[in-house]
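Sharing a structure here in structure tokens format.
We call the chains A, B, C, D, E and F, going by the order they appear; numbering starts again at 1 in every chain.
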Amino acid sequence: MFITRKAEFSASHACWVPSLTEEQNQQVYGAASNPRGHGHNYVVEVTLAGVPDPITGMIVDLKEVKDILNRDVVGPFDHRFLNHEVSPFDRVVPTTENVAIEIWRRLEPSFRTGPARLANVRLWETDDLFVDYAGDAENAR
Amino acid sequence: MFITRKAEFSASHACWVPSLTEEQNQQVYGAASNPRGHGHNYVVEVTLAGVPDPITGMIVDLKEVKDILNRDVVGPFDHRFLNHEVSPFDRVVPTTENVAIEIWRRLEPSFRTGPARLANVRLWETDDLFVDYAGDAENAR
Amino acid sequence: MFITRKAEFSASHACWVPSLTEEQNQQVYGAASNPRGHGHNYVVEVTLAGVPDPITGMIVDLKEVKDILNRDVVGPFDHRFLNHEVSPFDRVVPTTENVAIEIWRRLEPSFRTGPARLANVRLWETDDLFVDYAGDAENAR
Amino acid sequence: MFITRKAEFSASHACWVPSLTEEQNQQVYGAASNPRGHGHNYVVEVTLAGVPDPITGMIVDLKEVKDILNRDVVGPFDHRFLNHEVSPFDRVVPTTENVAIEIWRRLEPSFRTGPARLANVRLWETDDLFVDYAGDAENAR
Amino acid sequence: MFITRKAEFSASHACWVPSLTEEQNQQVYGAASNPRGHGHNYVVEVTLAGVPDPITGMIVDLKEVKDILNRDVVGPFDHRFLNHEVSPFDRVVPTTENVAIEIWRRLEPSFRTGPARLANVRLWETDDLFVDYAGDAENAR
Amino acid sequence: MFITRKAEFSASHACWVPSLTEEQNQQVYGAASNPRGHGHNYVVEVTLAGVPDPITGMIVDLKEVKDILNRDVVGPFDHRFLNHEVSPFDRVVPTTENVAIEIWRRLEPSFRTGPARLANVRLWETDDLFVDYAGDAENAR
């Protein structure tokens, strides 16, 4: 069984790889390569898998989930320029894919021993675009 | 292939377990433990799996799905205080998880012999929180 | 110029007037007359009117607006059974109209002397139904 | 890892099978059988599976995805009466299921050799109804 | 004070004026001029103005509003090709503007003598486009 | 009668007034004062007032509206850091209020002589916050 909690943060990013030339960055990322950055209201959906406790009927304590999410993701990411202020985006280009992978990396350890394990991170960059990451492409970066 | 139909019902519930003390209920559920209850516009997404009929192009007759959903879920749950008026929530705490499991239990038998089987029940309690149940945690309660 | 902030609260209510008979309540309110109550995820949109400050570019300090809204509306209403726990709904039937009027009454005094005045309260009961109140029907209750 | 792009098109369709009688069409499809047609703002969600490129951090070039989607689906379907103007809906009844299968058939070849393969097509006919197709019921038609 | 109820209908239309040439229709309406028609999930928001009844706390009986809306708009418009099946769209081009005006014309007489008068009709053609009509351009057609 | 078209742009901004100290900026704007900037998916709703043309049934040519909106707002603002790349936000703090006023200033001249005049600009910064500007606070800046 799964439970999913949404959260939002407003951040800016630039899709710009330092080892590529300006022309290459422009070609790969288009307008998103503007090094000044642009921004989004990101929405993250964190999905946890588990079995409801027979007494409380809950898979997990949602207050704890919210605290972890605020401490490790919303707090550090909200109102920030990801490339300049949030590790590892000084050296990893903050595409939607890479931001989702980083959110997984930050959250997953907190759900290894508890009643629920992290099952999926969905990250919406706009209303028309989202990525899903479930840990399976872990070695891609 | 899957087809998903949404429906809504407005109900109230209290996250209150009689065998726990008031302090314990408060600790586990926070404000949701208020025994007077509070309410939600629940949204349920019922997903059926099947293969489109080669003539009609339909997995299932959606009018029948709607009738089953209204008869077994929306009718009994809508405008009700779940703990006091809908079985088994007099003895099973109506957390989002348990309400989703109960919806599955009510709907699943109607889709055992037809062209489509019940594949998932997603229940939204608010815009920020939903659970998914696909029958796999059946013995949890 | 107007600025509008949304907030949500989950509450239950019963559309039940003590001076009417059960049959009359049923006739007027239908299923909503169930005295056990049912619930909604209410969404309130608070609209303030003002002129942006020439230095700060802001009509009003939104942190203050949020504090007022939490103190006077979201805090007292959230996770409550309005008829039994929130004044004046022990004697005023909490229809969407009357809940919106009460929200106006609670908020309006805080915006009489500041840079922005309260211009409108929109209250959504469901995704399909909302009311707007701008103070003009003040004497209706 | 998955990336999903949404697109919209406005089209009309009639759920009408020529080999069935008018009574049979009415019985199977109800009001949707009106041969004059009726319409929807369809929303399609195209999900691609792949691994982010270690340099660009992207699973796929979204500009190319958009071009393919516009060329093969949005362009031909938008502002059209599907039964009369879009193949194969002159002979295949354009139920939501069959439209989703056709979208899969049109898109899948473009993603066979690139970095991302087509993983799912979700098609919303209204806000309350959607289907998912992942190629598994390919032989149904 | 205002109360607004939403409703939906799925219909198809063609923006085609018989007195114009095909080239002129194409120039004015673009792809929407396709005489085969295309479709939308229209959303109509009907706003009524009135004062809550001092006993019932309601501006108007919403069941009556729903019945009127279904009888005069949703019933006749849903699953129809407006140009061919709904008067006056055989002679009045069913642009969003004209459909909204027609909805007003059909609804307004029912609210002349009751506790609430019709204040506005908002018609959404897509998520990105809507019109508002409050009776003030009545003589435009 | 009114017609409203929505558009979106993704931009970053910093709520930072150079004539204020860092402490003052922090006090007035909180986290939004971070000079590195943060971002939003802004949604702008442009409302035009007019009377439908008796032949075409349209208040205004929406293709022209879209062209104007893209040329004067979406094009210059999308994927930009407003403070550094869009005039006058190098000297006017880009609060939601001031961005809406600037959108009005850029659009209004194009609708002075045509069939429709600009009636309102609504700008959403997040799903929970929007401002409305109708030209009435023109002298505020």
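Convention: contacts are C-beta pairs under 8 Å (C-beta built on N, C-alpha and C of every residue); 3 or more make two chains touch, one makes a residue touch a chain.
Source: prediction; values computed, not measured.
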Shared interface partners, meaning chains that touch chain C and chain F: E
Chain whose mean Cα position lies farthest from chain F: B
Far-end chain from chain C, centres as C-alpha averages: D
CA centroid of chain A to CA centroid of chain E, Å: 42
Distance from chain F to chain A - Cα centre to Cα centre, in angstrom: 29
Chain centre separation (chain A, chain C; CA means) in Å: 35
Per-residue overlap in chain A, given as positions that touch at least 2 other chains: 127
Those chain pairs that satisfy the touch definition: A-B, A-D, A-F, B-C, B-D, C-E, C-F, D-E, E-F
Chain A-facing residues of chain D, complex: 1-7, 51-52, 54-59, 61-63
Of chain F, residues touching chain A in the complex: 8, 10-13, 31-32, 34, 36-41, 78-81, 84-85, 126-127
Chain B-touching residues of chain D, taken from the complex the two chains share: 15, 17, 19-20, 28-30, 92-98, 100-101, 127-134, 136-137, 140-141
